[in-house]
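In the two complexes below, subunit A is the common chain; its partner is subunit B in one and subunit C in the other.
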Partner chain A sequence: MQHVRFLHKTGLVMLLIGMISAALLVAAPAPASAQQKTIKYGTMHPLTGAYAVLGQDQMRATQMAVDEWNAKGGVLGHKIVWIYRDDELKGNVAIRRAKELVEEEKCDFIGGTLSGSISLAINEFACKTKTPYVAYCMSDMVLGSDQCEYGAAFMVIPYSAALAVSKYAFENVGKKWFSITADYRWGHSLLEGWMWQSEQMGGQHLGNVYVPLGTTDFSTYFAKILAAKPDFIVMNNLGADQTAAIKQASELGLTKNMKIFCTKTAQHTIKELGSAYNENVIGGMSFYWKLRDKYPGAKKFVDKFMEKYGAPPEQDGECGYVATNLLFMAIEKAGTVSDKKKIMDTMADLKYTLTKGQEYVRGCDQQRIQSYVLVKGKGAKAKGWDLADIVAEIPGDSIVMSCEDNAKKLPFVNIKLPK
Partner chain B sequence: MVDNSTNTIQQLHAPPKPLVVYGAIFVLLFLPLVISTPLATEILIWAIFGMGFNLLLGYTGVLSFGHAAYFGLGAYSAGLAFRYLDAHLFVGIVAGILAPMILACFIGALAIRKRGVYFAMISLAFAQMLYFLALSPLKEITRGEDGLTHIPAMALFSFSLGKPLPLYYFVLVITAIMLYSTWRILQSPFGKLLQAFRENEERAKACGYNTTLVKFFSLVISAFYAGLAGALNTVYLGYVPLTTLFWLTSGTMVMMTILGGKGTFLGPLVGVGVFLFLQNTISLITPRWELFVGSIFVAIILLFPGGIMGTVEEKIAAYRMRRASK
Partner chain C sequence: MFEIPWNVIAMQFFFGIALGCIFVLLSSGMSIIFGLLDVVNFAHGTFAMLGAYAVFVVVSLTGNFFIGLVSAVIIVGIIGMFVEFILLKPLYGKDPLLPLLLTFGLSVAIPDLIKIIFGLIGKPVNYPEALSGIIALGPVIIPGYRLFIILFTLVAIISLWLFLKKSDLGMIIRASTRDSLMVQTLGINVSRIWTIGFAIGVGLAALAGAIAAPMMSATPDMGVDMTMTAFVVTVVGGLGSLGGAIVGGLLIGLVVAFTAFIAGEYSSVSMYFCMALILLLRPRGLFGEQGRE
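Up next is the complex of A and B:
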């Protein structure tokens, strides 16, 4: 018993000492930063998980942009220190990373992420900590109550992609359409965009099938779709889901005479599908490397990226490149590295020409207003990275709603999605 | 010799010395000096979750493969209270504890009589049910796959928990209380009963104990821990990701507990610490971290068949026995 009591005592004394030192730890003022002339930019990318390829592209493009600025002598004489983290495409990990970047690494600015829902959480975190955040992914963060003055979105809003592709489809192909929609928030947002545009342009929605993520067998869906006799099929899905769907459509001979529209597609999806992604498959992207024939800025960017990494950038890379550049351009123009509010205000309404034509970040909701590109596949004629041809570039102003509408999520909030 | 071996067994199953409890808390006080504070906070939160899980798996011998349900429900209950009712910190945490306990009563009443894999499957089914409920039918309030956002920053009286260090020490105080309570539970007659039941259910029954009731209470207490951890996770993240309810959360917990050593006092804490630390640190060095972390786990399981703490405790007991026999 004596022994136990002794142990109790030593334990308590130890605890007391510990607590006092811990209290000192909390109370101690943060050490004054030794490095005066640097700014710190931290980014998060899904370097593991389903979209690791795209995450890597984001990271590389960010590196390129940072290197370019540092080669010019940094921003306002400050060297840019850039660090990145793997967010594993998981919300809780992304928040931990963001906390580490802002609170431990003392990053002044954060960026990245490749999932709409993660970007919403990080956007909110950025607001709470008043840390400027540039999102690289398609995100609804500029809509409704999620809007925040410290967050800027550099990929298009999901509905914008739908508006762009649907506009082209209704004008050039036909009015009767059938859709395959991945059954989650992003897919639903795209479908809302399509349905609204269809109402505006006299389209006829013959039906929709919701498909769970990770579906590999689409044959039963195609039978239903063919029976409805649409002019074209719409795919509101991505990645492996899109690959599986188009592959089966091709095997069933559908791609021979029917047009398929992918509201969003990706370079590596086209490459993976090979001959199945033929000229009847038309996909949307915010950037395709062949824009380099149209814009000198795109040529410079694409050539440099290819030289450095041996492959053309995906839209995700381009987005990261523009977002990183815009952040530093805003700092430079604002003339301050510490007044974050002023930097965000400057970024809004900033006009620039980087990788496409002239674009701007809209002042009222910090959304980058940019064009959306439609490409059609080359099927068996594809060679190397020459995978598709650009068929249209839809101007950015025509596919985005006003800030007043965005704040109320209009008009899409009124769309009744099919069951 | 006979005396010695009984001694070993007694030592192996004896409740840990008070020094172990205080020592663990002492070490935890300085954790933020060694690793990043958000990571340290996460380790504490998962350790609370792990202590509860260990009580059920390690001490009672019941495998629940749906503990994400209690953790996630705790997280969502606290989050909903914070977001919609503007609840006080402690009110939210209490909500986060009570809801999973009620759920545990329900699941326990339904399924606790089942043993082994059947109970594991039933609990998994309930957890997945909650996951899909939060994903779709309840998405108006849970925000579906976007996760529950817009949770206001928390403060303890007028002391803001927005900064990492104060939050860490707030969670540490709760962890310390839970660590101490676990220690007391294990020493109580109830704790002994749990272990008696794990070793031989039939004999415990023959001794006149209601083993079903013991299992039931063990599950409810375990849900208390999980709910508390979930609520703290909400305070820490300021957001509830839908994945808190996903089966992978349950799987990770099983993995962490076995890694640390199920049925040992410090096992969950060590398991959680090692798991999160490796995952976090190696991913800073290489994007192929999964390969390395996986290999290390395999190595640990091979080197420490009873989990890290399980094997360490065995070694210590064996060493003492040898010394005593000299």
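Up next is the complex of A and C:
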């Protein structure tokens, strides 16, 4: 009887082992050959902090581009795995995130960031690790010794934005100008662009105030500006700083009788400002959603983005969309996912039409050559997202220096910034 | 280089006072809370931010900025009462670090909640039409809204002073600030006084946020800088002193304004230099009591 019980128990144990083995076999991964191959793309965006709205836009547009590529089967038969991180708009955090993405997550390619200063550090890291990096922000990484064959800049670079806006201002408004400049590298680069253009076009720079990031009261600067009596004021700042500056200029009645030029502005800044961003405030952008009326690619992109997220894309989102697309287009054209040098070389020769007219990535310094748009606020007449009208689109080729000059940071390296 | 005429200096002084008035409202609230509860309110700027959003919502609904200002104080004051009653009260008498950590947590959580409700884009609050123009006093140009800020703060601070000095409740609050145990032995429910005091403190913060909103828009993260400014002004004026908050606020406003005028890039850091200097010379702040440095 005991023998029978023993056999019965043994049988049950064997049955259990058999079932577990079968389950494990079912759950076991398929042979490698049957699995879809993947490539990993990691991006960083400021998803918290003052520029979170722009970081979110970058992230959404990147997701849209990745989804589109995956919907058509990925790139060279590889499914794209996209990972993103919050860089908090802090240099040290961004570097940590870049290392996480490359060393821990084993990303093959990295992209993103909103700050020019951060992009310089990420570019350096990308060069050391030979990881292709597509920057989404206004960055000086294509100039001088910061140039690197593994880094490409997809937003208009700072001096180009300054050249585009200043040319329009000197031709259409006047010669005497006063500037408010954010006191960090990006602001200084914009100011260099303005000062060089001013020299070329007979402008008269009446003065500049450097303003710390996060300043909330600008009225204390306006007394100085009023005393200088300029034809127009230049704002080399962004985000909450620009919002506060224009609000307070409007409070002083400056936006009623004086032009204000924002070298870079943003759609959400115009929305936040409401009636204060009127027809006397002119801002620069690399993309404004109303370009959909001019370019079929812009219409397709804007409509899809709006359908998905309920608001038109910012220039930062558009830049992320183009950079992500260009990376995968380069991989596809190069015919390799592993030869990163070849991929970057291929990207450097690419001509494409995506969200604006035909554009290209300039091979010698790996920057996207694109137009810069100037918009004029609609003030109290703004409705929904109809916040501004496009007044000019400055062609990309007219606002970049030659590769030889860029390699030596000419002519801006010779500009002496005011103290 | 151009010369700076006297009228520009006068304007700068005026802007400094107007800026200082916002600091006065902000730090008076922090001072009352610290004086009464011994709580360092890390979420003070966050309540100011709530004030800015409250004025945005009420102005959107009613179209009246002045109703918005009053509503902001009431709405945020009520929120403050709940926060004190439900979250802070259980921590009294325990480790002083706990209320500090709690308010720090609120300063992180509440802006995230605001982002979920209102989105990441800031909300514009327009100047009331009657205050949107400029007033020219000879060659001195004064924005109407800044003049309103100064006059409004004057009225608000005098009302607060009268309330604390002349009303029964105000006197009980002041007595509780001095010796809450003694007040309790007189049969007064001190716990309720703490709740009311906290509500008044955050209500003043809300007023500062609401009045500042037309100058900069209401944004979820605007509280961070406001908390820092409130700390600086409160420390300069003396912890727990209403008079200190007034003098400290105006002083810091003028320091920031004139630094912006002379060397703009140092305007933000100037208030910290000023604080360091005052702490070196007088560790308890300008009007602080001994033992509270």
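Just so we're on the same page, the second predicted complex is superposed on the first by the 382 of 419 C-alpha atoms of A that agree within 3 Å, B and C clash if a C-alpha of one lies under 4 Å from a C-alpha of the other, contacts with A are read in each partner's own complex, and residues count from 1 in each chain.
One rule holds in what follows: a contact is a pair of C-beta atoms (placed from the backbone, for glycine too) under 8 Å apart; a residue touches a chain by one contact, two chains touch by 3 or more.
The model shown is predicted, which means the values in this text are computed figures rather than measured ones.
**Student:** Does the superposition put A:A244 against subunit B (first), subunit C (second), both, or neither?
**Tutor:** The answer is second: A:A244 touches subunit C but not subunit B.
**Student:** Is A:L417 touching anything from subunit B or subunit C once the two structures are fitted on A? First, second, both or neither.
**Tutor:** In the superposition, A:L417 touches no partner, neither subunit B nor subunit C.
**Student:** Going by the contact rule set out at the top, does A:A223 touch subunit B (first), subunit C (second), both, or neither?
**Tutor:** In the superposition, A:A223 contacts subunit C only.
**Student:** Per the contact definition in the header, classify A:L252: touching subunit B only (first), subunit C only (second), both, or neither.
**Tutor:** Once the two structures are laid over each other on A, A:L252 reaches subunit C alone.
**Student:** Just to be sure I read the superposition right, which of the two partners does A:D86 touch: subunit B = first, subunit C = second, or both, or neither?
**Tutor:** The answer is first: A:D86 touches subunit B but not subunit C.
**Student:** After the superposition on A, what does A:A52 contact: first (subunit B), second (subunit C), both or neither?
**Tutor:** A:A52 sits against subunit B and subunit C alike.
**Student:** Now for A:S275: first (subunit B), second (subunit C), both, or neither, which partner does it touch?
**Tutor:** The answer is second: A:S275 touches subunit C but not subunit B.
**Student:** Does the superposition put A:V211 against subunit B (first), subunit C (second), both, or neither?
**Tutor:** second
**Student:** Does subunit B (first) or subunit C (second) touch A:K128, or do both, or does neither?
**Tutor:** After superposing on A, A:K128 lies in contact with subunit B but is clear of subunit C.
**Student:** Starting from the residues of subunit A touching subunit B, keep only those that also touch subunit C in the other complex, and list them.
**Tutor:** 52, 56
**Student:** Under the touch definition given earlier, write down the residues of subunit B that touch subunit A in their complex.
**Tutor:** Residue list for subunit B touching subunit A: 17-19, 21-23, 25-26, 29-30, 32-33, 36-39, 42, 144-147, 149-150, 153, 162-166, 169, 233, 237-239, 241-244, 280, 283-284, 287, 289-290.
**Student:** Quick one: in the complex, what on subunit A touches subunit B?
**Tutor:** Touch list, subunit A to subunit B: 4, 7-8, 10-12, 14-15, 18-19, 21-22, 25-26, 47-48, 52, 56, 85-86, 88, 90-92, 95-96, 99-100, 103-104, 116-117, 120-121, 124-125, 128-129, 145-146, 184-185.
**Student:** Please give the residue numbers of subunit A that touch subunit C in the complex, ascending.
**Tutor:** Subunit A reaches subunit C through residues 49-50, 52-53, 56, 183, 206-207, 209-212, 214-217, 219-221, 223-224, 226-228, 240, 243-244, 247-248, 251-253, 268, 271-276.
**Student:** Hey, which residues of subunit C end up touching subunit A in the complex?
**Tutor:** Residue list for subunit C touching subunit A: 1-2, 4-5, 8, 11-12, 15-16, 18-19, 115, 119-124, 126-127, 132-134, 141, 143, 145-146, 212, 214-217, 219, 221-222, 225, 256-258, 260-261, 264-269.
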